[in-house]
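Following are the structures in question.
One chain, subunit A, links the two complexes that follow: it is found with subunit B in the first and with subunit C in the second.
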Partner chain A sequence: MSVHLDHIIRVSPQNGRPIVNDVSLTVEDGSFTALVGPSGAGKTSLLRVIAGLDGHQGGTVSIDGARVDNVNARDRNIGFVFQHYALFAHMTVAANIGFGLSIRPRRSRPGRAEIERRVAELLELMQLSGMGSRYPHELSGGQRQRVALARALATEPRVLLLDEPFGALDPVVRRQIRGWLRDLHERLGLTTILVTHDRQEATELADTIALMRHGRVVQTGTAQQLEDTPADPFVMEFTGDVIRIPGRIDRGLFVADMPDIRAFAANAADGRGEVLIRPADIRLLPDAGSAMAWLRQTRGMIGTYDFTTGTQTLRFETVIPAGAAPIIVNCALDISAGRIAQGDGWIERQETGVAQPATPQSTGP
Partner chain B sequence: MTGARAFPLWLPRRQHDALPGFGPGLALTLFWLGTMVVLPLAALIVRPWGEGLHSGMQAFGHAAHDGRMLSALGTSFGSALMGALADLVPGLLIAWALVRSDIPGRGLIDMVIELPFALPTAVVGITLATLYGPNGWIGGPLAHLGVHVAFTQSGIVLALMFVGLPFVVRTVAPVLRNLPRDVEEAAEILGASRVQIVTRVVLPALYPALVTAFGMAFARGIGEYGSVIFIAGNQPFHTEIAPLLIVIRLQEYDTQGATLIGLVLVAISLVSLAAIRLLQRHLSHGAG
Partner chain C sequence: MARFIFASAVYLLIGLIVILPVVLVFVMAFSHGLATALATFADPDALSAIRLTVIMTVLTVAINTVFGVMAAWTLSRFRFPGRGALIVLIELPLSVSPVVGGLVWLLVFGTQGWWGAALERWGYPVMFAPPGILLATVFVTFPYVTRTLMPVMIHNGREGEDAAVLLGAGLWQILWHVTLPGARLALLSGVLLTTARAMGEFGAVSVVSGHIPGLTETIPLHIETLYNGYQTVAAFTMAGLLAIMAMLVVTARTLIERRAGARGLIA
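Right, the complex of A and B next:
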């Protein structure tokens, strides 16, 4: 089932400020989409709007082409896994999982045996066999997580929404559950939307990432697209390691404030600017300047360098130049693979070809 | 902890207790429990046999056939039971309103709830008797409808409801406040109606608190004296409560009879509280 959001606006009931600000997003049938962003970006709010738990003041939500704005949360048939699982503490695991089925009106309610069968099936699927008679407080975090998932899946929802479902788990369990969740998504043919602030988690799980900030979707695409062609400096910083090198644009050249950094062509008006570059894109140029680069650590072809020029030192990991000694004297840096930022945007299109700035999916009002 | 060492050796040594002075604390607790609770209770148990075993047995034999005492006990326990049960619904609703709604003057209501704790019980009794008496503001119209509250058992139950209500509100409100909202939202998303959310999710989570509240209101109701005697009418065999009968017996210099009633009162109370405890343990299996 596809989910389509069209210019969604949600305003904070407390102070009237927009929490979700004009978000349009299409989640394709069968896709795994991650809403990623720093805390306070409006990810969870957007998820709650999709679920119908919170209202929205503008825009439309459609599931499978049908508008659901006036459909209650209870009638949307959406599976939702809460951050803290929200299990019913006074019910057994089996009763928790079967809850969605057991409360249906008599006409559409499956028989008791049928519910039991379905619960057993889900317990099996979640690798929780034999735990049906336990109570939530007797389970570990990872097990509770899976009970919450089983409960959400019991009613065979059209869409599965996950709100930071791994936040409370330790890293090992987290990695296990991630892989397993992706499998489950494939196997059941679900349409899943995941909220997370963890870029790696999103990259690992989702096929589409919608990066959010200040209530807007800044950029949508695959993890690779976001990393290679970030729409703005924020996306670039969020999707990977970035070195920032301040400088200025002077008659069509970017000149760094630090010495021994090669100026490169920048077709923009004169003014301040800052180069953002992935460390791996930095090139060390031996015998091209007066700086010193000191190789601190080696990992295969990659080395951690302390690049010292004047009184300043930059530390970054990059490719070790062929035949270079552990200490390279009289060197310079080539940062022309980076992007020049001014304020919140890029000021120049790169002529390197790979880097084509993507247009943001959501535009402001 | 040095405190523990200062006290007898048989005390368990608690080396890593965050609370300082465990030893003195325990001693004080035992002393308090001994002088304030165990000693009077022991006296109560011993007293009927004070004039010899034979006389004690005889007193018990008499008591078993003392219709006035039995009916007073029945009135006391029956009214306490009804009062405590009747407190549950309004108590729950008030707690709900205090926790979940933004009604203006919530702080004031929150404060007023505790007034029955602070008021002299006699004041409560006189006020209720005036209000619900045949010529009272509420009692008058009710009498027209043929409903008599004052000087009947309804009056006793009403007084007990009044003194028991704060227990319910004060016990249920914190539990309700700590009940995570996402649990209700989870139920909603799974398709539960509002009624189902309340009956299947919220109320079951409150059952242990409600049982505790019931127990406290019930216990208070058994011992309640001041507020009841003004509205009860105190007719022997009808609206006479056991605590009042104790006072009457004492005024008749029948100490043995008075202690006997007290003993029975204590025994039944203990059994009831134990039963409530058991019910509570049964209900709270899922929590914690």
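Right, the complex of A and C next:
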């Protein structure tokens, strides 16, 4: 089942500020999409709008092409796993899982035996066989989470929404459950939307990542697309390590404030600017300046350098130049592989082909 | 050492203020032997007082439970203008003297009041009749269910209810299967507090009842009548009965809580 959001706006009922600000997003049938972003970006709010738990003041939500704006949350048939699982503490695991089936009106309610069979099937699927008669407080965090998942899947929902489902788990369990969840998604042919603030988690699980900030989707694409062609400095910083080097644009050249950084062509008007570069893209140029680079640590071909020029020091990890000594004197830096930021956007560069024109939203595959 | 001193002080205080008076009630009740004490219950006025008390308590608890659940749910789930004022108003009977509560009803429903005369003419007297006693008791015990339920409902949060909605549950199903079971200890606590308070209420009931023996006297009022009539043994026997009823309620509450605790339901 596909989910389509068109210009969704939700404002805070307390202060009227937008929490979700003009978000458009298409989640393809069978895809695994992650809503990623710092806390307060509006990820959970967007998820609750999709589920119908919170209303929205503008835009439309469609599931499988049909608008559901006026469909109650209870009738949307959406599976939802809450951050703290929200299990019913006074019910056994089996009663929790069977809840969605057992409260149906008599006409559409499956028989007791049928519900029991379905619950047993889900317990098996979640690797919880034999735990049906326990209470939630008797389970570990990972088990509780799987009960929450089983409960959400019992009614055979069209879409599965997960709100930070791994937040409360320890790292080892988290890794196990991730792989298992991805597996389940494939096996059941689900359409899944995951909310997380953890970039790695999103990269590992999702085919498509929608990066959110201040209630907006900043960029949508695969993890690789976001990392390689970030739409703006925020996306670049969020998707990997970044070194920032302030400087200015002077008659078509970017000139860093630090000495011994080689100027490079920047096709923009004069003014302040800042280069954002992945450390691995920084090149050390021996015998090209007057700075000193001191190799602190090595990891295969990668070294951690302290680059000192005058009184300033930059520390970064990059490729060790061929045949370089642990201490490189009289060197300079080549940062022309970076992107030049001005304010919240990029300055376009044409000549090198490294940077592409910034597009506000590139679409996923 | 400090622990010992504090513990002793607490025991001493409890002994003097709680245990001693209760023991004295029973000592006085049985001062002329068991037979004399039991003879109290041969009086039809006593039996009538007991019956009225039980009926009033059951009705009050029913009314205030339904109302309390609704109020607690509304106040813990929704934000609306005047919510704070509403909470204060619900708590008002706790801070206002019960006598004042009784007088207010007298003002509204008494023969000098707004509707009292009309109601009386139509054959539905409220003051100096059981309906008045019910009103007064409901007023006095009004806050207990709401006040015990609301913090637990707020603590339990919305997530469970949201989960139930997404699983297809309707409003009543959520209340019945999720919200109330999730807060059932608090609900029980509130109900039992209401019960104990309703059984023992004197002030407000005294104002509106008219003290008609055999008709509008509850146990506490009957005790006063007996005591003022120098029927000491009977007065203390009735008091003992009231004390036993209250203790049964408290014991029930403790037992249920302990059983729930053993099953790990108090998280």
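Keep in mind that, in the parts below, the second predicted complex is superposed on the first by the 353 of 365 C-alpha atoms of A that agree within 3 Å, B and C clash if a C-alpha of one lies under 4 Å from a C-alpha of the other, contacts with A are read in each partner's own complex, and residues count from 1 in each chain.
Criterion: contacts are C-beta pairs under 8 Å (C-beta built on N, C-alpha and C of every residue); 3 or more make two chains touch, one makes a residue touch a chain.
Given the structure is predicted, the values throughout are model-derived calculations rather than measurements.
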Clash or fit, subunit B versus subunit C on superposed subunit A: clash
Contacts of A:168 with subunit B and subunit C, given as first, second, both or neither: neither
Partner chain(s) touched by A:84 [first = subunit B, second = subunit C, both, neither]: both
Touched partner set for A:292, first subunit B, second subunit C, both or neither: neither
Touched partner set for A:255, first subunit B, second subunit C, both or neither: neither
Subunit B and subunit C contact sites that coincide on subunit A, given as residue numbers: 51, 53, 73-80, 82, 84, 86-91, 99-100, 103-104, 135, 137, 151-152, 154-155
In the complex, subunit A residues that touch subunit C: 13, 51, 53, 73-80, 82, 84, 86-91, 99-100, 103-104, 135, 137-138, 151-152, 154-155
Of all residues in subunit A, those that touch subunit B in their complex: 51-53, 72-80, 82-84, 86-92, 99-100, 103-104, 135-137, 151-152, 154-155
Interface residues, subunit C side, partner subunit A - complex: 79, 159-160, 162-170, 173, 177-178, 181-182, 184, 263-265, 267
In the complex with subunit A, residue positions of subunit B that touch it: 180, 182-183, 185-193, 196, 200-201, 204-205, 207, 285-288
